[in-house]
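A, B, C and D label the chains in the order they appear, each numbered from 1.
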Amino acid sequence: MSAPSKRMTHADLRPKLKDGMSIMFGGFLAVGTPLGIVQEILDAGIKDLTIIGNDTATPDIGIGRLIAARRVKKVIASHIGTNAETGRQMIAGEIEVELVPQGTLAERIRCGGSGLGGVLTPTGVGTIVEEGKTKLSFDGVEYLVERGLRADLAILKAHIADEKGNLVYRRAARNFNPLMALAADFVAVEADSIVAAGEIEPDLVMTPGVLVDALILSGEC
Amino acid sequence: MSAPSKRMTHADLRPKLKDGMSIMFGGFLAVGTPLGIVQEILDAGIKDLTIIGNDTATPDIGIGRLIAARRVKKVIASHIGTNAETGRQMIAGEIEVELVPQGTLAERIRCGGSGLGGVLTPTGVGTIVEEGKTKLSFDGVEYLVERGLRADLAILKAHIADEKGNLVYRRAARNFNPLMALAADFVAVEADSIVAAGEIEPDLVMTPGVLVDALILSGEC
Amino acid sequence: MDAKKLIAARVAQELKDGDVVNLGIGLPTLIPDYLPTDVHITLQSENGFLGMGPLEGEPLPDLVNAGGKACGMVPGTAFFDSAMSFAIIRGGHVDATVLGGLQVDQEGNLANWMVPGKMIPGMGGAMDLVTGAKQVIVAMEHATKDGGAKILKRCELPLTAAGKVTAIATELAFFRFVDGQLVLTETAPGVSLDEIRAKTEADYVVSPECREMCLPA
Amino acid sequence: MDAKKLIAARVAQELKDGDVVNLGIGLPTLIPDYLPTDVHITLQSENGFLGMGPLEGEPLPDLVNAGGKACGMVPGTAFFDSAMSFAIIRGGHVDATVLGGLQVDQEGNLANWMVPGKMIPGMGGAMDLVTGAKQVIVAMEHATKDGGAKILKRCELPLTAAGKVTAIATELAFFRFVDGQLVLTETAPGVSLDEIRAKTEADYVVSPECREMCLPA
């Protein structure tokens, strides 16, 4: 194939990392978060980031390290309780936190990556989550209109990738990764192993390679 | 496990088959349609059906046979061009046909199965598809609000099933099957093989078994 | 039996063979220990699988529960992404969710995700679970550490969902919502109706069939 | 070169190495035959995969294109369900779609899915493809069998999508939409500007760089 290879090293990501950018990160309490890419973001020194993901892990693991290092301006997440530093900075007014119900967060990212303007969900009706949102009623049920979310960069963790970028995730490390692969302008994946195109059975691919821009082997920090 | 087995024969489905019911069927031009279950529906003699799926195949294959046998009152599909009988009955006013863009049909079924009231899609804006629908604009883009779809029964085709109902589809036979598994009150699956629980690698399951009510081996017509 | 075990044992009786259940962190995780041997449930973990089991032997990589703790899985487990996880939850494919509560009220409202200005961990998957599960069972101690009522006329804390709670289990009582009315159906062993009344702010009716909980020894 | 082959050869020049492309049935399926050897595209098939290739040898079970015909697949193919297929299409992950047209107009509107009272096959995936693909190339014969114009001031048939067409390739001409304006950029070998003008109802401008198509022998 003459198409440019998607293989790169963590350091090759550097030109893509910019102050003020929005970053979606796979992972649920750091399981499924690309830890080497997080290290690269720390090393790059970029700041004023908007980060979008399920949670902010802990101050010393995964995406939580960006919070602790004060690189983050805004967090969009469903849960921040495991990272005391996120809560402290929020209460001190140092960062903005938008809390989104987990299922709604998944749908908003999916919409952002699927060309959908949003979804109608009953989740959050009658709670503070509905504040400021369009509501529609059908057949006596009220729904919130929840809008799509996109980011400049998605950083994902896969177990196996092939050279075309086809991905397979392992167990609970899948979580938000396949959704975010659709929803960012540049998609960077850290994989435990990278195999030749065709070595992953086509029925078992979880993220099609055309969605992936950069493939980095986990060990190559 | 003491839970009642999901295993049954095609004939065991008979009590679930009723005049006037709505049936979602997996398949794309009959690839991924459970042909034995279609035969069972024909044999049961039920009529006035609403059928929901991508297309109506051909008059002599798959779901198209129900059209040819005049068992269908209404079709919700994205394409009927391959079954001349569907078009003929529609123009003669004998059946109602609701044509839905294929991506919108997929999303509507997904919504119906996911507790979502609908999605906002740009597909169909400025066409006759928008007639009668709520429109919302965000950031200068117009969207149609497309509502969820559900059915009384979903009839699906899997390649491999395990005793718990976990499913694996093969190649292009996946299509609408995984979406419909979420969106019907009773989900009946015809599988090429049925293996013990645990024989399908948990990462490779495409439809979780809890969504499946009945498992039928393909050959057991 | 201490309060938490009693509550877990009582909630276990609400679950039927074949149920798909999502258990919140903390107290609800004790529930499987109290299931009768002929009741098998499938545990849904909102971080992306059905078939969660207890950890047995060495942890497997990337196999963790929604609290991030290593766990096990049963034969026939299925993993999926977060959109599918919540399609299952929101779409009514979970028979029961059991969660802790800060406050519950007589309208079936639940508050369990934040205390303004004090504790704002976020709702995680709780809002979707409470909105989508067929049964929403709140499993909590009857009163606050200061002895204040938690079962109220009207929740004061921000809600997790409005009008979705189907039952409340505490170490003193079991309540069920019947046609929108909070009904006391069982008392814990040795607990009087008067004690429950005194420690409950909500209006409720006592079921004509109200009886003492029937708990394992 | 016959009309269909000429159109396919010209459209092939619009595709870049690495593009993800969805080809409609009929004429567009000829396009891969005309790609230069250094241009590799990935074909998306809306029935659920990326990596479609020509059928080689015996058909594999359940491996069919969106027309239901047996096809092949390349190394690195990925299968998925219809929701993912259209997430990819609607979400802008397809670089180009090439479809036939009944009518196209100077506003970039396309009509290709029904003729009221006559032919109502349904839109299939066409509405999503035309809405979501980055480039929407209509590949069709310039006029109807009766010699009537198909490139109109305003489509009369029901639209597939409004204002989404980016280019039109016929056996006579190649047009591009530039800032919302229909522009004639190339003429087919031996075809005069006058002939194109006579067979085109739409208002268009002739590009100052308008040239003859450069086609393979």
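Definition applied: a residue touches a chain if its C-beta (ideal position, glycine included) is under 8 Å from a C-beta of that chain, and two chains touch if they have at least 3 such contacts.
Small disclaimer: the values here were computed from a predicted structure and weren't measured.
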Between B-D and A-D, more C-beta pairs in contact link B-D
Based only on mean CA positions, could you tell me how far subunit A sits from subunit C in angstrom? 30
Taking each chain's mean CA coordinate, subunit A and subunit D are separated, in whole Å, by 34
Using Cα averages as centroids, what's the distance between subunit C and subunit D in whole Å? 55
Counting only residues that touch at least two other chains, what does the list for subunit A look like? 107, 110, 115-116, 121-122, 170-171, 174, 202-203
If a residue has to touch 2 or more other chains to count, which residues of subunit D qualify? 49, 79-80, 86, 89-90, 131-132
Chain pairs that touch, all of them, please. A-B, A-C, A-D, B-C, B-D
Contact footprint of subunit D on subunit B as seen in their complex: 28-32, 54-55, 77-82, 87, 90-91, 97, 99, 101-107, 110, 121-129, 159, 169-179, 206
Residues of subunit B touching subunit A in the complex: 107, 111, 115-122, 134, 136, 138, 141, 143, 145, 147, 168-171, 174, 202-204
Touching subunit D in the complex, subunit A uses residues 1-4, 110, 113-116, 162-164, 166, 182-183, 196-198, 200, 202-203, 205, 207-211
Residue numbers of subunit D touching subunit B in their complex, please. 45-49, 60-64, 66-68, 79-83, 85-86, 89-90, 109, 117, 119-128, 131-132, 158-163
Within the complex, which stretch of subunit C touches subunit B? 17-18, 20, 38-40, 42, 44, 49-51, 73, 75-80, 84, 86-93, 131-132
